[in-house]
């Protein structure tokens, strides 16, 4: 128990310290976005890094959360928090429905099926312009908590950080628990897992739904935070970005997910002067990581450190 | 008490009948071996009994309950466990964790409970971990318990499979070629572990090619050839039977 | 048969031909190595954009086209050598991510070297339309179908009647056995990448006069090419061609008779359905796991 408690405590301290070191609103915005997307990446990592189920359409769930919340608050006058919860439930339900048939597929088939779902979501978002505004995008109301609207960066930082800490804690616990071991066993050998008594398809469906719900919640928050969303939020490009964050940061590593998110959101900032190189650099990062560090940064560094310690 | 009873089970794959009308019983506390030349259907038989394949015909009963067609994970609740001929270890986990997975159905496996780290989870984990370490002692690989499963030797892996299978507290254990690829002393070690388990009351169905192992520890032997049961009897009866000799060695020249 | 129906039919065959070429590329690479090359769509884009660039640099059309195809082939071979081969034996997921990365790299490089705008290419023979039974059919479309047909014949001849082609098929059937008779699988894989790059490039150059091209056109085409290959049964070359044509026709009729907004969704809905009805595609072989 102690190892993880220290890690979570360390994270909380780091987030508090970071808050006071942030120089301006621009950096604050960046960190908020990193923290929000980290939650999605952790969810995706649980599905992909731990359980080995590839999902190339995960941004679709972010889009569902974003647009669902935006439409509910704008057209249906529903309170943002209620909208967020409603979308979380709806996305979970949707994910649950499609998960069982889709997760019976493996490898390329699963990749394509999940990719297809993501693309179909994007196409719907682009075309149902009456509800979604199509490719012009949609303006979103701010989040409202305890009465007042939340505009202040500082308040959003607290919300995003709070969510991240809770999700990290939950994920670390899950990984060490019997359910977490079962997920990793599924990754190792589905047949051996079944023989050991694990209901493999049920567990795959549940972790898929969980990761979809996390993406939806972040989508809702993002929509209220950014104030404006467009169909690209659910697109294939974003799904690849999420996968890259998992892969670079570390498959099967909770803190690796945060690191991957940070690196890949900071990369465009670093390349700001030569922004036209962004896509190419991105491609190089993907290829190089998979060849030289296939397990991602955190596990690879972790192994190196452990080997030195011997 | 009869742990396992198969009644005339058959299984075909695209026109090839891998297993035809096989009937056998395994008593608890005994070792029942299944032998036969390659292609005789032994692995298919184990896959049928462990729920990986569904029989085309026939019935399978565990401790008197009809479990024909049940999925593998349901059979664990009836006391069944098995090992694999081509090792299926969970590579991203340590040796100890592999064994812990074997205890899956004895633990609280809900995702929500896991995320909240409920006391029921970590208390049970503590108990099961101690048990798992004892199991690793029994099969003799306790010294590598924190190693990555992908890093240990083949002989250790074979024994890890057995330890993992035992973690669910089975009453019937299916062993698919546990001595394949092992040298004489490793085989002798496996033999004594398996014999010890049956003496403790476990029913064991053993598929093996190593005749010395089979003859040494079996109480009964079924001989399969081309999917059919050729004969069943004690080791002495099997050894002397001319049909068995013919199936393995062919007609004299 | 109404003129409108003929129009949609023809449009479907035209775009279907491009999907067929891309699908054939996927099938060749997959059968030689088990790798799904998610960068295939970028080969299509690269062939077209390279031609655009070379024309812009002053080369005449009949020179720009072969040079562009060669550039694409070289890029394809580099991708195999530098990105795919080092990862040989890695998990499916690793390979998927690597080829995605290669695709992004190609896309990003075109963005840097050329630009992000939409471009077109001259139609072969000057363009124009032909009236067939009341439907107006573009001559470029006829060229697309004709050249694709020729490519398919050539590839078929290569695979069935030349020694190298048969060697490629041997590797896809049984890599080890092929090695034992002296065939170098790595060389065959390199060749499969080269051929699929060429096919993609030709497809891109053919379709651009009709549907234009930009640095990010490759993704959708690639995905649809994959759908074509999967429809036909991954690794099944004739299946991929049929798959491409079927997809093109379904898209065209959907756009014509149902809704043009959702025509892109056809490919993905189709593939999801196919996965559940016939997981190995319409013509694919059954596969099973060894227990």
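Descriptive notes on the structure:
Order of writing sets the chain letters: A, B and C. Residues in each chain are counted from 1.
Here is the rule we go by: a contact is a pair of C-beta atoms (placed from the backbone, for glycine too) under 8 Å apart; a residue touches a chain by one contact, two chains touch by 3 or more.
Note that this is a predicted model, so its numbers are computed, not measured.
Central chain assignment: A. Criterion: smallest distance from chain C-alpha mean to the mean of all protein C-alpha atoms.
Averaging Cα atoms per chain gives one point for each, and the point farthest from that of subunit B is the centre of C.
With centres defined as mean CA coordinates, subunit C is found 48 Å away from subunit B. For the pair subunit A and subunit C, the distance between mean C-alpha positions equals 32 Å.
Note on chain placement: the centre of subunit A and the centre of subunit B lie 41 Å apart, centres being C-alpha means. Within subunit B, the positions touching two or more other chains are listed as 52, 84. Residue positions of subunit A touching 2 or more other chains, listed in rising order: 191. In subunit C, the residues touching two or more other chains are 291. On the subunit A side of its complex with subunit B, the touching residues are 1, 170-171, 173-174, 176-182, 184-185, 187-189, 191-200, 203, 206-207, 210, 252. Those residues of subunit C that touch subunit A in the shared complex are 36, 83, 86-87, 90, 92-94, 96-98, 100-109, 111-112, 219, 223, 226-227, 230, 234, 261-262, 264-265, 267-269, 271-272, 275-276, 279, 289, 291. Contacts from subunit A toward subunit C in the complex involve residues 48, 52, 54, 56, 101-102, 105, 107-109, 111-113, 115-117, 119-120, 123-124, 126-127, 191, 236-237, 240, 243-244, 247, 276-287, 290-291, 294. Contact residues of subunit B toward subunit A in the complex are 50-52, 71-73, 76-77, 81-82, 84, 88-93, 97, 100-105, 107-111, 113-117, 121-122, 124-125, 164, 167-168.
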